[in-house]
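These are the structures in question, set out in turn.
Same chain, two partners: chain A is paired with chain B first, then with chain C.
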Partner chain A sequence: MTTTAPAPPRQTRMDWARKNLFRSWWSGLITVILVPLIVYLAYLSLRFFFVTGQWDAVRVNLTLFMQGTFPRDEQWRLISQIMIFALAFGIGLGTNSAASQDRAEDAGLDYERGSIAGTLARMWSLVAFISLLLFFASTDDLGNFINPFLVVGGGLVMAAIGYQAHRFPRRIRRVGWLLTATFLVLGFQVVSGFDAGGWLPLSIIFGGAVYGAVPVDRFDSAWLRFALRLVAIAVVVLIVQAVYRAVDSPGIGWDKWSGLHLTLMVSAIAIVLAFPLGLLLALARRSTLPALRMMATVYIEVIRGVPLITLLFMGQFILGFLLPQGTVLSAITRAIAVMTLFSAAYIAEIVRGGLQALDKGQNEAGQALGMAPPPIMRRIILPQALTAVIPAMVGQFISLFKDSSLLSIIAILEFLGVRKIIHAQPDFRSVAFAETLVFVAIGYWAFAFAMSRESQRLERRLRVTR
Partner chain B sequence: MTTETQEPQRREVARPPFYRDVRVIRVVGQILAVVAVVGIGFWLTRNLFSNMNRLGISTSFNFLFGPTNTAIPFCDNCWVIPYQFRFDPRSPVWQMVLVGVKNTFLAAFFGIILASVMGLLVGISRLSENWLVARLATVYVEFFRNIPPLVIIIFFGAAVFTAGPFPILSESWEINFPATDNNLLIINNDKWGIPGFTSTGSLVVFWAILIIGVVVAAYVWRRRTKFFEQTGQPHHRVLWFTGVVLASLVLAYFVTGQPFDMSWPVISENRRRIDGGFIVNWGFMSIAGALGLYTASHIGEIIRGSILAVPNGQSEAANAVALSASQRYRYVVLPQATRIALPPTINQYLNLVKNTSLGTAVAYAEITSLTKTSVGNGRPAFQSFIIVMAVYLVFSLTISLVLNLVNRRMQLVSR
Partner chain C sequence: MTTEQNPQIYSDATKAKGEPVIELTDVDKFFGDFQALADINMNVGLQEVIVVIGPSGSGKSTLIRCINRLEKHDRGTIVVDGIELSDDIKNIQEIRRETGMVFQSFNLFPHLTVIDNITLAPRQVRHEAKDAAEESAMQLLERVGIPEQARKFPGQLSGGQQQRVAIARSLAMKPKVMLFDEPTSALDPEMIKEVLDVMIELAEGGMTMIVVTHEMGFARAVADRVVFMADGYIVEVGTPEHFFTNPQEDRTKLFLSQIL
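Moving on to the complex of A and B:
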C-alpha cells in the first residue's frame, strides 16, 4: 500500500489575508491604518487625474513637449528618425536573440526565443506612456500632417521587420550588429543632415568592420598585415566621404532641437562620446605609470566631487573664455561638451570597477601565452570587464538621462524646460503648473523605469551565464 | 688534444631596440602624457587670460571684498555666523559666499537626516511580512528613483508650497504652545516659524566653553570605552557623553551671564512677515524634503540589499536564542547590514550634497544659486566658480573622509 501525501489545504482569500495582512496584532494594526490612507491617496490622485486636472495644457501642447521648437516644416525628419531607430532597435533585438541562441546551442541548452509581446510587456511603462500620448493626441487636432497612430504603428512594423534579422545565418551574425549601428547613425543623421562633414561616425563603424574582415591571415609579416588593413580602412573612409560629399544635404542641427527629442538625444550623444574617454581614463587610472595615474585620478575625483549644475554653469559662463577668441559654440553644444566630460569621469569609475573585479589569472594567462600587454588588454581583459559592467553603464545612462533635466536651468528647452514656453502662453499663464509637471514626471519615469528594469534583467542574465 | 672553445665570459643580454624597450617606453610615454596635459592646460589658461584682459575683466580675487549690492532672495535668517552678524546688500561678497555655504550645509544636513530615516524605514518595509507595507515601499522606491530630482524639487515647491494646501502668510495657521500665547509653530505657504533663540551679548566665550566641553566629552567617551574593554562593566558612553555636553552647556550659559533668550515666532502687525523665532523658508523645505525623499529611495534599496546579504543563519540563530523580531533586527541583523550598507550609502550622501545645488530652481540661497546671481550681476565668473568648485570639493572630501574613517573602524570590528 502506498501512502499518498495529504492534499495541501486549498488557500482561500481569507487565508491569504490572514497570512499577509494580519499575521500579528502589530501587522494587523498597520494594515488597518494603511488601508484608509491608501484609499484616500488613491481618491485624491484619481480626482486629480480625471476630475480637477486641467489637462488641456498638456493636450494642446503635446507636439511642443515632444519636439519643442523644432521647425514644424521639417517634422518628417523626426518621423523618419523614429522609423529608422525602430528598425535599428528591431535588428539589434533580433541579432541579440540569435546570438543568445548560438551560445545556447554551443552549450547544448534549449533556447526559447522571447516574443515581441513579451518584450512589450517588459517595457510596460513605455507602452503606457505612449498610450497616454496617443490618448491625448486622439482627442485633439494637433496640426500634425501625419496621424500619431500611424507613426506608432509604423514604428512597430519597422521593429518587426528589423527583428527578422534573427533569421540571418550564423556566419553573418556580425552583419546584424553592423546594420544596427549603421541605422542608428542614419537615424541620427536624417535629422542632423547628411552634410559633407558628417562622414566620421559611419567611417568609424565601417572602418572597424573592415579592420576585422580583411583576409590577412595568409601573410606572415606583421607590417604587411597592418599595411593591408590600413589600406582597406582608407578605401572605406574615402568611399564614405565621397558619398557624403555627393549627397551633402544639410539638416537641422542640434542647436534647434528641443523637447523630449532633445532630452533623449543629449543623453545618448553624451554617453556615446563619453565612453571612449571614460575607457581611456579608467586605463590611465589603473596604469602602472605614476604620472598618468595621478592625472587621471585628479580629473576623475574633481569632476565627481562637483555637482553637474555647477559644471554646466561653468560651461555657459567660462567655456567661451577658455577657447581662442572668436570661437562661438551654441548653448547646446557647450552643454553636451560638459555632460560628456562629466559622464566620462563616472564611466571611468565603472570601468575601473569591472577591471578590478577581473581575476588576475586572466592577465597572467595572456602573459603565459606570450601576448604583449596591448593585445592582452584588447582581447582578454576588456571584453570580460566591459561585459560585466553593462548593467552599471545602463544605470549611468539612466542617471544621465535624469540629469539632462538640469539643462532647463541653463535655459535650454528640453523636456522639462518646454514648460516655460507653455506657461508663457496666454491660456496657461499661471494655471496647470502641476498638470504639466506631472506629465513630465510620468515621461521621465516611463523611460527610466523601463531602462532600469532592462538593466536588472541584464544583470540577472549576466550572473547566470557566469 | 682537444681545443677548448672559447666560452664568452658574460652572456650578452639581447636588448630590444629602444622603441620596444619597456623601460624607455614607460619614461617617454609619461613625459608625452604630461607634456600633452600641461600643454592643453597652458593653452586654455593663455586663452582665458587674453580673453579676460581683452574684455577688461579683472583676474584677481579682489571682488570678494567689494559690496554684494544684491539682496539675497527669501533671506530671512541670513545669519553668517549664528547670532553674530547678519547679511545685507552692503556686505562684502565673501560674506555672501559664507551664507551660501551655510545654506548648502543646512539643506544637506537635514536632507541627509530625512534620507537616512526614511531610507531605513523603506528598506525594512520592503522586506516586511505585511503584503501591503512591502508593496507600498516598492511603489515608493520605483516611483522616486526613476524621476529626476529636479522635477521632484520643483513639484515640492509648486504643489506643496506655492500652490499647495497652506494659507498665505497673512492668514497663517498659528499653533500655540499649550496654555500660553506663544506660537509653537507658524505655518503658511511661504515660510514656517518655530521657536528659536536670540542673543543678548557676545557669544565667543560661550562657544569656546561649549567646544571645550565637546572635546572633553569625546575624551570621556574614549575613557569609558577603555573601561569597558578592560573590566567588561557596562560603559554607558552615550549617557556619559550627553551628560558632559549638557553640563558644559549649562556651565557656559551661566558663566557668560545667560547670553540667550527664548524667541517665539510672531506674525508682525502688518501681517507681512514673521518676527522672532527661527524661520525656515519654502525653498529650504522643498530642497531638503525633495532630496531627502529622493535619496531615501536609493538608500532604501541599499538597506534592503544589505539586509538580504546578511546570512540567513544569523536570523535563525537569533530566533533560536528567542530574540523578539525587533531585538533580532536591532542586535543581530542591522549591525551586520550596516557594515555592508555603509560604503554605498556614503556615495548617496555625497550625491545629496551635490544635488543641493539645484536650489536655484526654488530660489533657495545656497552657494551655487547665489554665485549664479552674483555672476549675473557682473562678478567675474571664473573666480566665482572656482570658489564654488572648491567648496563642493571640501564638502565631498570631508564627508568621504569622515565616513571612511567610520567605515574603517566598523570593518575592523568584524575582524
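Moving on to the complex of A and C:
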C-alpha cells in the first residue's frame, strides 16, 4: 500500500508575503526600505539600457571590440577559426558525453548524454552575449562586415556536425580527444599561420597519443619499452615537422591581434601553459629532494607576494635584460609569459591542497601493490586530487581571464583596451564612456559565468561515479 | 604440541610446516620515543596462517606494516622470501610484489571501476596486456563471489563487497604472502562473514597469511598459530586450542577474559 504525503495547505499570495516579507516588525521594515530601492535601481538600469544610453559607441564599433586592429582583409582567418573551434567543440562534446554514458551504463548508473542544446542552455550567459552582439549588428549598417548571422549559424552547424562523432563505434571514439585537440591547434594556426616553426603543439599531441598507443606491453625490459616509445615519438615529430615545412604558410602573428579575440586567446594560452607548470611546481614542493622543494617554495612565495601588474611591467621592462642579446619578444609574448608564470604559482598551491587532502591510504594501497611512485602519482593520486580541486582551479582560470584586462595598462589593446581607440574617434571623444564599459563588463561576465557553470557541471559529473 | 613461551624456539619447532617465507629477527620500531615494536622474533612458514591479536596500540598493525615497508623498522632484520628488506627501493618493490595487503578501510581507488582497480597494478607493474589482465581479474572476482560488480565503482558497493574486491586486487599480483590488517573491523556485522569466508577459502587453498583481527572464531578455525601482542612485545604464541583454553601468561588471560 502506498501512502502519499498530505498535500500542503494552499498558499495564497497574502500568506506568501506574510511569511517571506513581513515575518516580524524588522523584516517588514527591511522590506519597506528595500523594495522601493530595488524598484528604483531597476528603473534606472532599464532607462539606461533602453532610453538614455548612447549605444552607438558600441554598435558602430562592434568589429573593433571583437577583433581590434586585426587586419580587416585577413578577417577570413578569424571566421575560419570560429568554424574550426565550433567543430572541435562539437567533437569533444559528442565523444566525451557518449563515453561517459557508456561508463555510467556499464556501472548501472543513470546518465543523460550531453547535447548541443543542453550545453547552450547551460551556457546561457554566452548565448545572451552573442544575441546582444547580433542585435547590435542587425541594427547597424552591415557594410563590408561579414554577416554575423551567417557566422553564428555556421558555427552552430559545424558544432552539430562535430557532435555526430558520438555515433562513432566505441573503439574509434577513444580518439575523440585527439581530434578535438588537433582541431583546436589547427583553428589557432589558421590565424597564426602554418609556418615551419609551428610544428610543436601538434607534435606534442600526436607524440602523446603515440606514446600511449605503442604496443609495448609484451616487452619486459623497461629500456626496450622506453626506446620503442622514443622511436615512435621521433618518427611522429619528424612527420609533423615535414608537413609544416612543406605547407609553410605564414599567418598573422599575435603581435597584431587585439580585441576580444586577443583576450580569449591570451587567456586560453596562459591557462594551457600554466596548468602543467603549476602541477610540476606542486609536485616539486612535495618532493623529497630538499633543493627542489626549496626552489619551488621560494618561487611560489615570491610570485604570490607580488601584484600581477608589477610583474607585467617588469615583464615589459626587465625581461629584455635577462634574455640573451638579440632576442626580441613581442609585448604580447612577454605578457603571456608573465601571466603563465604568475598563474602557475597559484595553481601549484591549489594542486598541493588537493594532494594533501587525499587519504594516505590511497598511496599505501598503491605501494602495497608494488607500484613505483610515478605510476602511483599518475594513476591513483593525481586523478583524485585534481578532481577534488576543480572549483578552486576554475576559479583561478576565471581570475586569470579577467586579469588579462590588465594588459590594457601596458598598451596592449585587448577587449578593454580597445575602448582607447573608440574614445579617440571624433564621434565618441568624451561621450559614452559608461556604455562601452558596461558592454565590456557584460562580455567578461558572460564568459566567466559560463566557465563557472561548466566547472559546477564537471564537478557533479565526476562525483556521479563516487 | 608442547607449550612454548619463547616464540623463537616455537617458530623453529614448526619450521617443518614449510620453508620460512618471512623471518623477523630482533625487530624494533619506534614512533618518536614510543616503542611500537620491541624485540620481535618470528618466522612464518610456507602455507602457514598466523593470527595476530592483542589490545589496541599493541603493535599488531605496525608489525605487518613493517613487513612490506609501509613502516620502516629501526633495528633488526626482516627477510621476505629470501630478500632482506633494506632501503633499496628495488628490494622494497620486489618484496611488495610478493606480499599482498588488505587494509581495514579497504583503500580501493574510488575513481576506478572494480575491474580497473584489480587490473591497475598487473598492467602497471607487470605490464600485462589489458585483455589478459581483465580475464584474470574476472576469475578473481568469481573467486570472491562478485563477478557481476566488475563495471561498477567502489562507491556503489557494500562494505563487504568492497573488501572482497580489495582481496581480489591483492591476489591479482599473485603474492606469496597475504597480510590482513583488521580486514573486518570497518564492516557492519552482517557483512563480516562474507569476507571471512573468502579468507578461509584462501587459507584452505594454501596461501601463507598473517591476519591481524579481533575475530576469535576465525582464529580458532583457521589459524595454525595465534600470536598475542601487548605493548610492542610478542607475549605468547600457541596453537589456537592451546591458546584459548590454556593460556600461560597473565597478560593473555586478562585480555581473553575481556573479549570473550
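Keep in mind that, in the parts below, the second predicted complex is superposed on the first by the 446 of 466 C-alpha atoms of A that agree within 3 Å, B and C clash if a C-alpha of one lies under 4 Å from a C-alpha of the other, contacts with A are read in each partner's own complex, and residues count from 1 in each chain.
By our rule, a contact is a pair of C-beta atoms (placed from the backbone, for glycine too) under 8 Å apart; a residue touches a chain by one contact, two chains touch by 3 or more.
Computed from a prediction, not measured in an experiment: that's the story for all the values here.
**Q** Applying the touch criterion given at the start, work out whether A:D110 contacts chain B, chain C, both or neither, answering first, second, both or neither.
**A** neither
**Q** Tell me the contact category for A:A365 with respect to chain B and chain C: first, second, both or neither.
**A** Only chain C is touched by A:A365; chain B is not.
**Q** Quick one: chain B or chain C, who's touching more of chain A?
**A** So, of the two partners, B touches more residues of chain A.
**Q** Tell me the contact category for A:Q325 with respect to chain B and chain C: first, second, both or neither.
**A** first
**Q** One more residue to check, A:D73. First (chain B), second (chain C), both or neither?
**A** Once the two structures are laid over each other on A, A:D73 reaches no partner at all.
**Q** Can you name the residues of chain A that touch chain B in the complex?
**A** On the chain A side, the touching residues are 20-21, 23, 27, 30-31, 34-35, 38, 284, 288-292, 295, 302, 304-310, 313-314, 317-318, 320-325, 398, 402-403, 405-406, 408-409, 416, 433-434, 437-438, 440-441, 444-445, 448-449, 452.
**Q** Going by the contact rule at the top, pick out the chain B residues touching chain A in the complex.
**A** 26, 29-31, 33-34, 37, 44, 47-48, 50-52, 54, 128-133, 136, 142-143, 145-152, 154-155, 158-159, 163, 350, 354-358, 360-361, 368, 371-372, 375, 381-382, 385, 388-389, 392-393, 396-397
**Q** Across the complex, what residues on chain A touch chain C?
**A** Interface residues on the chain A side: 103, 106-109, 216-220, 225, 359, 361-362, 364-372, 375, 379-380, 383-384, 387, 465-466.
**Q** Per the contact definition, I'd like the list of chain C residues that touch chain A in the complex.
**A** Those residues of chain C that touch chain A are 68-70, 89, 93-94, 96-97, 99-101, 103, 105, 107-111, 113, 120-121, 123-125, 127-130, 151-153, 155-156, 169-170, 173.
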